[in-house]
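Presented sequentially are two complexes of chain A, the first with chain B as partner and the second with chain C.
So, the complex of A and B:
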């Protein structure tokens, strides 16, 4: 019996870095989408946010998240595309932030919600773990996904992202 | 032995009217773990709960971590009659995502644990670990609300997947 958890596309950033990771022409044949990312940016800091966009849109995104850094916990909300954490230039070498973004009913007529789990463990004091609830207030089917650093310019080499399609039939 | 299929859809439901609950029954014991994915809303602001095998006894407990956008909190409930997976409003539109990982659900030796995630950009994010103190294999899952009156919204979707060990 065939698996219903299918790799649609993957991306690995090359030596020159990349300002964005994009998945385009996403087929409408699945029920849900999952993005699994392992990311680091060139921001001159310990961590960076990664923004998510759908169908080239940068508007109508909102989120609420809870995060802990090993000593404090907080919860934040905002309008914008902030989705998950990446490590950045000041973080421990060779460490990358991990994230899973689950997007149910990406072709449905409702606004598109997504659930994010992310960490930037680095054997140091600047790690962060976060859960994020995101919403794109748009009824269009998602046909493309764009990931971009929030404050950095580029994802650095060896950053990866995988897009999976999940079918309920 | 060749590995079986994994992430296999067991059953799926899209509500065509507002309903008080959704039940998956006769769940096959042939997987290792099961995952329940829901995209839902409700008519008012109850908690989304799970019950297993029609057990309404006080055999459930859970520990929660959640944030509403301005503050973070953790809580625990013990000896209750269902697992509550959100202390945050699921909203009256279908914009909540819920993911439930039910590990080793078919063994007949251990109590059953559930890792749940609730996400709603309007109200917050929550993680919950739940425990059902029963050694019975799970063959029925009821998704319900913690109070009578509120209903799950028409158009809400619920899908149960089976995960097989390699």
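So, the complex of A and C:
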């Protein structure tokens, strides 16, 4: 069955930064969704997490994650909205964390799962890659997606987010 | 006040809206909860490493070589 990707919306953070990137009024006409993001936050560190939220909810999120940085590896299970990596203030200038978040069956009546493939970019020191499986234990159809820095206050200028709709026909 | 960037997928309109006091408070609470979660995770990792080192020392005291211990 052929899949068709349609760019629903995109955005680039402006010079003042943004504390949250929010896609609202997502049409229910697709089969799946994909978020493609390039993110950097103002946290005073090498990297930051980006949290994902649906429909304004910040509860009932859990995840299982594996990660490696070239010298150490880890696997974690937790509750919360941690989804993917952003670079931060101590990262090499003009680099961004990259991520793809796949959200299947976003209008279905089951709990909503999502999978994440993400990596930081840092030419100077440790970079880290991660695969993450998340679950939002809520049966509501997803109509909005919120992306928020975990510890930074803002996404910095030129961070981008693209939302694609995927149709299986 | 920090702002959030809202992209309306139906209209394509993009707006910058200031966070509400409730949203700011939620972010602060989330950061505190994350710090506690990280501290718990770090403590568990330290305890696990200490237990591993203690176990290996006891095995070595029983006469096992480093190769034998690592093969377990």
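To be clear about the criterion, the second predicted complex is superposed on the first by the 166 of 169 C-alpha atoms of A that agree within 3 Å, B and C clash if a C-alpha of one lies under 4 Å from a C-alpha of the other, contacts with A are read in each partner's own complex, and residues count from 1 in each chain.
We take it that a contact is a pair of C-beta atoms (placed from the backbone, for glycine too) under 8 Å apart; a residue touches a chain by one contact, two chains touch by 3 or more.
These numbers were taken from a predicted model, which means no experiment stands behind them.
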Of chain C and chain B, partner touching more chain A residues: B
Partner chain in contact with A:134 - chain B first, chain C second, else both or neither: first
Which superposed partner A:94 touches (first chain B, second chain C, both, neither): neither
Which superposed partner A:73 touches (first chain B, second chain C, both, neither): first
Partner chain in contact with A:123 - chain B first, chain C second, else both or neither: neither
Chain B versus chain C as contact partner of A:23, first or second or both or neither: second
Chain B versus chain C as contact partner of A:15, first or second or both or neither: neither
Contacts of A:166 with chain B and chain C, given as first, second, both or neither: first
Chain B versus chain C as contact partner of A:32, first or second or both or neither: first
Contacts on chain A seen with chain B and repeated with chain C across the two complexes: 76
Residue ranges of chain A in contact with chain C within the complex: 8-11, 13-14, 16-27, 51, 58, 76, 78, 80, 146, 148, 150-151, 153-154, 163
Chain C residues touching chain A - in the complex, by the definition given at the top: 2-12, 14, 16, 19, 26-27, 30-31, 33-34, 37, 41
Residue numbers on chain B that touch chain A, as the complex places them: 4-9, 12, 37-39, 65-72, 93-97, 99, 117-127, 155, 157, 159, 161
Residue numbers on chain A that touch chain B, as the complex places them: 1-5, 31-32, 62-68, 73-77, 102, 104-105, 108, 110-111, 113-117, 131-135, 166-169
